[in-house]
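Next up, some structures in structure tokens.
Each of the two complexes below includes chain A, the first together with chain B, the second together with chain C.
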Partner chain A sequence: MAKVTIDNHVVEVPDGTTILQAARLIGGDIVPPTMCYYSKLEGSGGKCRTCLVKVSQSSGKDSRPMPKLVASCSTPVADGMVVQNITSPEVLEARKAIVEFLLINHPLDCPVCDQAGECDLQNLSYEHGLETTRYKEERRDYPSVDIGPYVKLHMNRCILCYRCVYTADQIAGKRIHGILYRGDVAEISTFIQNSIENEFSGNIIDVCPVGALTDKTFRFKSRVWFLNPFLAHRDCPTCSGKVTVWKFGKEIYRVTGRKDQFGEVDEFICNTCRFDKKGSEDWIIESPANIDKQSVISQNHYMKIKKGSIIKPLEQKTEPQD
Partner chain B sequence: MGRKILLDKIDIPGILGFDVYRNNGGYSAVEKALKTMSPDQVLDEVKKSGIRGRGGAGFPAGMKWSFLDRSTNNPRYLICNADESEPGTFKDRYLMEKLPHLLIEGLIVSSYALGANTCFIYIRGEFKYLVGILEKAIFEARKNGFIGKNILSSGYSLDIYVHPGAGAYICGEETALIESLEGKRGNPRIKPPFPASKGLYQCPTVVNNVETLASIGPIIIMGGEEYAKIGTGKSTGTKLISASGHINQPGVYEIEMGISVEDFIYLDEYCGGIRGSKKLKAIVAGGSSVPVLPENLVFKTAKNETRLMTYESLAEGGFESGTMLGSGGLIVYDEDACMVRNTWNFSRFYHHESCGQCSPCREGTGWMEKVLYRIEHGQGRIEDIDLLVNISKNIEGNTICPLGDAAAWPVASAIRHFREEFEFHVKHPEKIKNKDHGNIQKLFVP
Partner chain C sequence: MQLTNRSKIVSNKKMTFVERLYFPAIFKGMMITLSHFFAKKATIDYPKEKREFSEIYRGQHVLKRDDQGRERCTACGLCALACPAEAITMVAEERLPSEEHLYREEKYAKTYEINMLRCIFCGLCEEACPKEAIFLTKRIVDAEYSRDKFIYGKDKLVEPLELDLRIDISKRQIPEVLEFKKDKTQRHNK
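What follows is the complex of A and B.
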């Protein structure tokens, strides 16, 4: 077991836990934001660099700080480690820079994007981004393409988090899409115009943190904040059948996986549940779904979100000596 | 003339062939190591020699070898990093082209010390013609019983394979190299775990530069302590410097560490002075990744000490007034060189070679390149200069691998030392447009 201090909160976790997971155990404001890390996907993380934190003490034995900011999603904890996230101005500065980098080639077409309202990048830039851009150059531009009968790919919006690649590898079983080229011209693509038809391929829509992969059966139907989410289930021979259905009146507009408080899908669902079962008779409604308060869907709650700011470190309480 | 350890046999005719190399004392290091020494003794000699990694980071090779995880039963691997793609560096190519057997000899001894039975030479895709030379050398060594099963009846077996890459700069980063060797996309891995515990095929692996491994043979023959006497301070031994730019005699030179930079640039046996007797303007000391040094800091450090060709002396003063020895690719600029264009050119390289895995490097390198392109082509704005400094600061240290740092340092240092030149570009766009740089094709038009 290792005792870790994250922003003055102490937590004890098993060896080998990452800093991010330790922070998630504590919860609240001190959890670093993630764009590429997905706890259910092996090998994900480390790429987007939004979860950078400062390790001001490497371990109990070694009181030196780590020389650089580290990605909390892939750095294992050590006993006696002291981590600073929102108590370090350096971290917030770096995070601001990362958001800027992620946005420079992003088309900022939120008004016509289906993901708007439940977009990780939107939330992240609201909390940490600048209000204007310093980027005056041309943005990269790709045509949007159909990859398979159900999924539309807008490469312009992609932040190359690789989540969909890992999903196709580990959940859908057979991967026929991947990253082509390199650098800022890298793109998600199916090799030689293949179409993604695997039974679990729809999950790449759920794991996408931005609007790069969208549901073709839901395209331009409605804004997500006009819909009411309900937890529902059905007896599905392929998957668990536990989903969230998004209703407008009595009509079901779309079906997604159930997401936890960190925006990750609890149980991956199959394409039949996601795309084909849209009648009210198909589903047994359990209860209204919880709406993440970070999201635009909870109307007007954006104002209540704290902007990324440095909190003062708590004063160290010295124990009275006997 | 300094002492030569690596290139001493280079002028012997027919040295490419096994027989000539053997008759001139070749492979005696293998005999000495395998017949009279244990692997730990070889490791001790390398540690005593104090040789530092010649690939760029300058990490002591003996220490790197001792980190190798020896606790598991998994096979261990040695990888020779011949993916030399740094602009301005061409020493490994020269070494492999002229003295392939020196490298093979070093590989055998190093593999023996590490207990590796398989060794890979990961060679850059563009060096296609070297693959044949190396494979011929391996074939000859195998025929003469220096590679294969039970080498020199010592019971030690080794196989060496040459693996050409597809020509990506990023595959010179050790974990990206391992990914590429495994047949995957050449993206750097997230560390930890380090290759010393989980490298190639999740087995303990050591990755070393060509020059480092080629030096192992001479170190074993002369002894580690003897080798450590060459050079100054913690920079021991000799180093290959590939000199290019506006000098009279560009080429690969072997120097004893510790000669002064002034001697190296102006002495006739080395670079032979600046071309056309012009004035020196700046140097890049260790390949394009390191900070550029202006003329007033080249020969003297900020503390007014003579600057030497060593790891420590070149790094004297940090990034404010120093640079790094890096991989030893010395580029010299005369007074006519345009630093803005040079910086743009470097930046264009890093934009092209960024793997696109982590966001600061993927987006930042492209952004810097586009801004520098505008400044160089007379469309700059005065606030762009501070913007560039800020972008490079935001990239530096926040990336997975050192490519982000390598892209940021040249830009930051060029602006630190040559800010007037950038400002001149912004203020006099019409003069800039009429500059003649020769016919350089525009590869990227933002």
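What follows is the complex of A and C.
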């Protein structure tokens, strides 16, 4: 067991736990945001650098700080480690820069994008208060590629988090899409012009942190904040059948997996549940889904809305000069 | 107990002879009426004569087109979300490759309706719009005989294609915005 201090909160976790997992055990504001790490997918993480934290004391025996900020999703804890996340101005400054980097090639087409309202990148950039871009060059532009009848790929919006690649490998069994080319021109695609039709392939929509992979059956039907999410289930032979249905009036507009407080799907669902079962007789409604109070989806849902706070870098304490 | 200073104590005192004649009082009242007859009128003869409007008067909405005549609205739903009266509804549709000269973005509003009876002309839709598509104008919503005619669809809201019939909204924009729009390095302005 290792005792770690994260932003002055002490938690005891088994050896080998990552800093991010330890922070999630504490919960609240101190959990570093993640764009590529997904706890249900093995090997994910370490790509987006959004979860960078400062380790101000490496362990109980070694009181020196780690020389650079570390990615909390892939750094294991040590006994006596002291970690700073939102209490460190350095981390907030770095995270702001990371968000700026992620947005360099991201098109500002939120008004068109179906993910708007439940987009991790949108929330992250709102939180860090970026209002303008300093990037003046042309953004990269990919020709549109058809990757199958269910999933719409918008490569321009992709941040190359690899989550969908891991999902196809680990959940859907057979993977026919992946990252082609490298560096600047890397892109998600199928080789060559293949169609993704695996029974669990729809989950790549849920894991995508941005609007790069969206539901074709829901494309431009409505906006997420006009829909009411309900927890529902059905007797499904292939998956657990536990889903969230998004209704507009009595009509079911789309079906997604149930997401937990960190925006990760609890149980992956099959394509039949997700794309084909949209009649109200298909589902047994359990209860209204819990909506995050800071989410735009809670607009008009008879709850008190708390606006998301904008994190400002902490003011450096200046030494009093005699 | 006295509640206000305006209460009057009723007196039953006997009227004098002049008062009992009533004619002086009637004449006095008539003079007041007559003075109003020559006073300046508070009303105007509306359809023939129109009052001066503020340049930023919030009247009937317009859905703008861009320089190339394409509709700016992309049916993002932010105006409907911002609307406190829930007067706006829309249905989005994907643009076909053959319609690129009609709609600016990949997605467009197939139907866009504003219920002018619900609308309170607060201008929040205009403020929420990220595409500079909806503006309130100096025009007044016409009177109608039935309620369903107040639901304005795209036929009444979208401005005409002809350049000389376009509705000028440049007065509604602050100088900083107009200055920003000149900057062609911004993707927004291309």
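FYI, the second predicted complex is superposed on the first by the 297 of 322 C-alpha atoms of A that agree within 3 Å, B and C clash if a C-alpha of one lies under 4 Å from a C-alpha of the other, contacts with A are read in each partner's own complex, and residues count from 1 in each chain.
Quick note on the criterion: contacts are C-beta pairs under 8 Å (C-beta built on N, C-alpha and C of every residue); 3 or more make two chains touch, one makes a residue touch a chain.
Bear in mind that the values here come from a model prediction, so they are computed numbers and not experimental data.
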Touching partner for A:Phe248 - first (chain B), second (chain C), both, neither: neither
Larger contact residue set on chain A - chain B or chain C: B
First (chain B), second (chain C), both or neither touched by A:Lys221: second
First, second, both or neither for A:Val112, with chain B first and chain C second: second
Contacts of A:Ile179 with chain B and chain C, given as first, second, both or neither: first
Which of chain B and chain C A:Lys47 touches, first, second, both or neither: first
Which of chain B and chain C A:Ala71 touches, first, second, both or neither: first
In the complex, chain B residues that touch chain A: 168, 170, 185, 190, 192, 351-360, 362-367, 370-371, 374, 387, 394, 397-400, 446
Contact footprint of chain C on chain A as seen in their complex: 108-112, 116, 136, 139, 219-223, 225-226, 296, 299
Footprint of chain A on chain C - complex, ascending: 74-78, 80-81, 92-94, 105-107, 130-131, 185, 187-188
Contact set on chain A toward chain B in their complex: 45-49, 52, 68-69, 71, 74-76, 94, 97-98, 100-102, 104-105, 134-135, 137-138, 159-160, 162, 178-179, 181-186
